[in-house]
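Following are the structures in question.
Two complexes come next, and they have one chain in common, subunit A, joined by subunit B in the first and subunit C in the second.
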Partner chain A sequence: MSALLELICPAGSLPALKAAVDNGADGVYLGLKDNTNARNFSGLNFDAKALAEGIRYAHNKGVKVLMALNTYPQPDTVSRWHQAVDTAATSGLDAIILADPGLMAYARKVHPNLRLHLSVQGSATSYEAVNFYRERFGIQRAVLPRVLSLPQVENVVNNTDVEIELFGFGGLCVMVEGRCLLSSYACGDSPNTFGACSPGHAVRWQQTPKGMETRLNGVLIDRYADDEKAGYPTLCKGRFDVQGETYYALEEPTSLNSMEMLPEMARLGIAAIKIEGRQRSPAYVAQVTQVWRAAIDAVKKDMAAFKPGSFKPEAAWMAQLNKVSEGSMSTLGAYYRPWK
Partner chain B sequence: MLGTLRFAQPTNYPETTMKLPNFPKPLARFVSTLPSWPASRAFVAAGNLVAWPSLRDLDWSHVAGRRFRVQVSDLGLKLYFSVHANGFRALHNGLADVTFTATAQDFARLALRLEDPDTLFFNRRLLIEGDTDLGLTVKNMLDAVELETATAGMPVGMGRVVMKLRHLALK
Partner chain C sequence: MNATVAPASLPANKPDSRLALKDTGPSSHKAGATRLSLGPLLYYWSREDTLAFYEEAAGWPLDSIYLGETVCSRRHLLRLSDWLELAEKLTAAGKEVVLSTQTLIESESDLKALRKVVADGRFLVEANEWGAVRLLAEKGAPFVAGSTLNAYNPDTLALLAEMGATRWVPPVEMPRDMVKAMLASTAVPERMETELFAYGRLPLAFSARCFTARRHNLQKDDCQFRCLDHPDGLTMRTRESEDFLTINGIQTQSAKVMSLAHRVDELRTAGIDLLRLSPQSRHMGRVVEVFRALLTGDIAAATAPEKLDKLMPGLPCDGYWLGEAGMAYHPM
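So, the complex of A and B:
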């Protein structure tokens, strides 16, 4: 039977991986300690030893391990990305998650048995794009960008053999994944090659009499009053002066939470639900994995019982998810919108 | 364009934070009168005894000699220290490369892995000032230490107490 609503959880460290496994993940995704993945933060991610132990631990409990290699190699350092693919292929991982077609070609040629997933960073929003990656590189799963409404997702699902994975919960970006260069205007680094939107070295927080200020390379991007919730220090979530008015001009700090659409996702045959947050601590991974496991089990148990819009996630689940959300609030994002 | 999306409102759900016992008030009053230097020395002595055995094998090369300040906001306590190859070292008041500010309860929750620092940050319960990259590096290094390894390195009986506290808070 093909996959249905597999729960794919983030791991930035071995304890986070174990937290995901122990709390009911079907798969865990991780990255190496360099810019071959889009969570390139100091001290985060896996070295060879942690990777081997993580794979052993997960596989012992029947949980898959996926590796994100979702940044775009540059000509002078492409060998680092090739080595990462080789590492993945020889370590016994279950799949790699790629965005760059050149890297897919390398993986396909050198490691034809390695399972390939198309990263959200690949920005494939149509079935034509997804099928192109299938024909050329044999990808077996695609993670769709968070710009599509559920009817648009359905259109993709109905016209491809590629398994479709959707984001279920976590940090929501300005939704031009893989093509966003916004932070490079302040930091000088593109998130798609450096592996982080706001590298730690560029971020400064300071409590001032006016509130907590967030600066990115010296540029003031937000100031929070004492009673305001905060978000990640990215340009897209800053408040800016636009024609004399200061407001969130691009996006408010908020997390995606698509839990109430789980029955519709099940009906569409969505293969997997991805939880964002490799940069976060084991406590987050444990809390979020536990809640999503319970919700997916509830939906799968009696799929026929749920009519569109009739699924009401338990208040305690939503409370837990809102608590760990950016700005302490969440949205259905583009999944639910009446316009096309 | 995004105006027609159905954005959820800030949470109206009940608070789900799992509680640890509060710091006893008389003790808090006493602690708040302590000057920084002896408090930093006491903190460092405890850290070297309890935490260092499980931390000594980490790669501290990017962190060695950098100056940390931990401000326990509800106790008015400021701790100054640095990390070296042989453990934590107390520092006199002064400049810090990075400063962490939170309540005693929240620091305890972080130490017991009951809470995620980003969650506390979003909720304005944790402030990191100064060298963010240094703060992030240490946070990620500590996250990568397994709780079992950390408690195994503690003095006899203490690891059990820590796990018991965690267990109670999670219940």
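So, the complex of A and C:
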């Protein structure tokens, strides 16, 4: 039977991986300690030893391990990405998550049995694009950017054999992933090549008479009054001035939470739900994994009992998720069309 | 122009050698005459203004003109039939016409519009996402690989060539050293042309959300086409009044204007075949003339910033080309 609502959880470290595995993840995703993945932050990710230990731990409990190699290789350093693919192929990983077609071609040619997933960083929003990767490289799953409404997702699902994975919870990219250069415009490093948005080395926090200021490479992203909680200066979530009005011009500091749409996602046959947050703590991973495990199990139980529509997220679950959300707020994002 | 280097934008770990002007070596690619192209109109103007703009453009010293709506499917004042009619006229005026396609495909009607462009077959098409690449390759039609296809390495560019791309536009953030390394690769066919985004506000990001509608407290589906009120987009300033970004519907652009005018000599030796100039609502013809004069040698590259100063809707930047923050600027 094909996958349905597998719970795929973030593992930024070995403790986070164990937290995900112990709390009910069906799969975890991780990256290596360099710019071959889109969470290239210091202190995160896996070296060879941690990778081996992580795979052993997860596989012992029947949990899959996926590796994100979802940045874009560059001319002088392509070999780093090739080596990462080789590492993935020989380490017993269950799949690799790629964005770059050139890298897919390499993986397909050198490791034809390695399972390939299309990363959200590949920016595929239509079935024509998804099917391109299918025909050309035999991808088995695609993670869709957080820009489509659910009916638009349904149209993709209905026109491809590729399994579809959707983001369920966590930090919300407002822009099409893989098509956002705001970070490199401000500070020189982008998710596509460097593997991080608004990277730590460019961030400054400064208490001033006007309030706490957060800057990215000198650009003022936001300023907080004493009674406001200062957030990380992700530049699409700052307050800016447009025509004399200061507001969150692109998006509020908020997290995606699509839990109430789980029954609909199940009806569409969505193969997997991805939880964002490799940069978050093991405690976050444990909490979020536990809540989503319970929710997905409840939805599947309703389906088995032919009781569609009976699922409602429990208030306690939502409260727990809101506690760990950015700015303690959440949104349905683009899944709910009026958000657009 | 009294242009300044953004001092805070130079991380200490970036060596000064990045600022060196000297070419680091010849490209393996042919060195024909560098041509000028007019990129697709990224804003939404009235039908009259759009048609008048292209009527003028027919007389500008351009080699290629990209037509079509690439940003938002709700923008409908010109239908495909109108663009095709314009394409015929501009072809008759001696321009190469390229039909550029939508960058973010969300719905079946977006795909339908894309298929119509591909099916027409009279003009070269620019593919801006991989669905378009698939359709064009199926048809066996040559195409331009747009910058949002993210060809960051020779393998991906070689794949695009295999699928029918005859020209590529590097990602706008790609620095010159990387462009040169791409062109030096034996994996990339000799005949592949390179077109560089050389002038205009940089298209930096695409979203499902319309930020112009958000500014006016409207939903995207009922946006009342407010983009029409902002012919060069809406400037987004920091809370200390620095022009930072530009809102253009679902697209976010830089507030500064990328200009490589003062670097044309270097672009030529780097093997760039076409310089893309991105439309703005005022003085576009004069911008084209400045670039043409630079290419013919009628004016010196060093004088370009001064010539363009009054023609630009914002301060200049060229940081991406130097491998720095895109907003940085280094006048020669």
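What we mean here is this: the second predicted complex is superposed on the first by the 321 of 340 C-alpha atoms of A that agree within 3 Å, B and C clash if a C-alpha of one lies under 4 Å from a C-alpha of the other, contacts with A are read in each partner's own complex, and residues count from 1 in each chain.
FYI, a contact is a pair of C-beta atoms (placed from the backbone, for glycine too) under 8 Å apart; a residue touches a chain by one contact, two chains touch by 3 or more.
Remember, predicted model here, so these are calculated numbers, not experimental data.
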First, second, both or neither for A:L148, with subunit B first and subunit C second: second
Partner chain in contact with A:T193 - subunit B first, subunit C second, else both or neither: second
Which of subunit B and subunit C A:H201 touches, first, second, both or neither: both
Contacts of A:Y106 with subunit B and subunit C, given as first, second, both or neither: second
Which superposed partner A:F132 touches (first subunit B, second subunit C, both, neither): second
Partner chain(s) touched by A:P338 [first = subunit B, second = subunit C, both, neither]: both
First, second, both or neither for A:E326, with subunit B first and subunit C second: first
Partner chain in contact with A:S42 - subunit B first, subunit C second, else both or neither: first
Contacts of A:E251 with subunit B and subunit C, given as first, second, both or neither: both
Common interface positions of subunit A, toward subunit B and toward subunit C: 201, 251, 334, 337-339
Sites on subunit C touched by subunit A in the complex: 6-9, 11, 14, 103-108, 110-111, 114, 129-135, 148, 150, 152-159, 171-173, 178, 181-182, 185, 202, 204-211, 214-215, 219-221, 234-242, 244-245, 247, 252, 254, 319-320, 323-327
Residue ranges of subunit A in contact with subunit B within the complex: 12-16, 18, 41-44, 50, 199-201, 203-207, 212, 224, 226, 228-232, 251-254, 257, 279-284, 287, 315-316, 318-320, 322-334, 336-339
Complex interface listing, subunit A residues touching subunit C: 72-76, 78, 99-103, 105-106, 122-129, 131-133, 135, 146-149, 152, 155, 174-176, 178-182, 184-188, 190, 192-193, 201-202, 217-223, 236, 239-243, 246, 249-251, 334, 337-340
Residues of subunit B touching subunit A in the complex: 2, 4-11, 13-17, 62, 101, 113-119, 121-124, 127-130, 132-141, 143-147
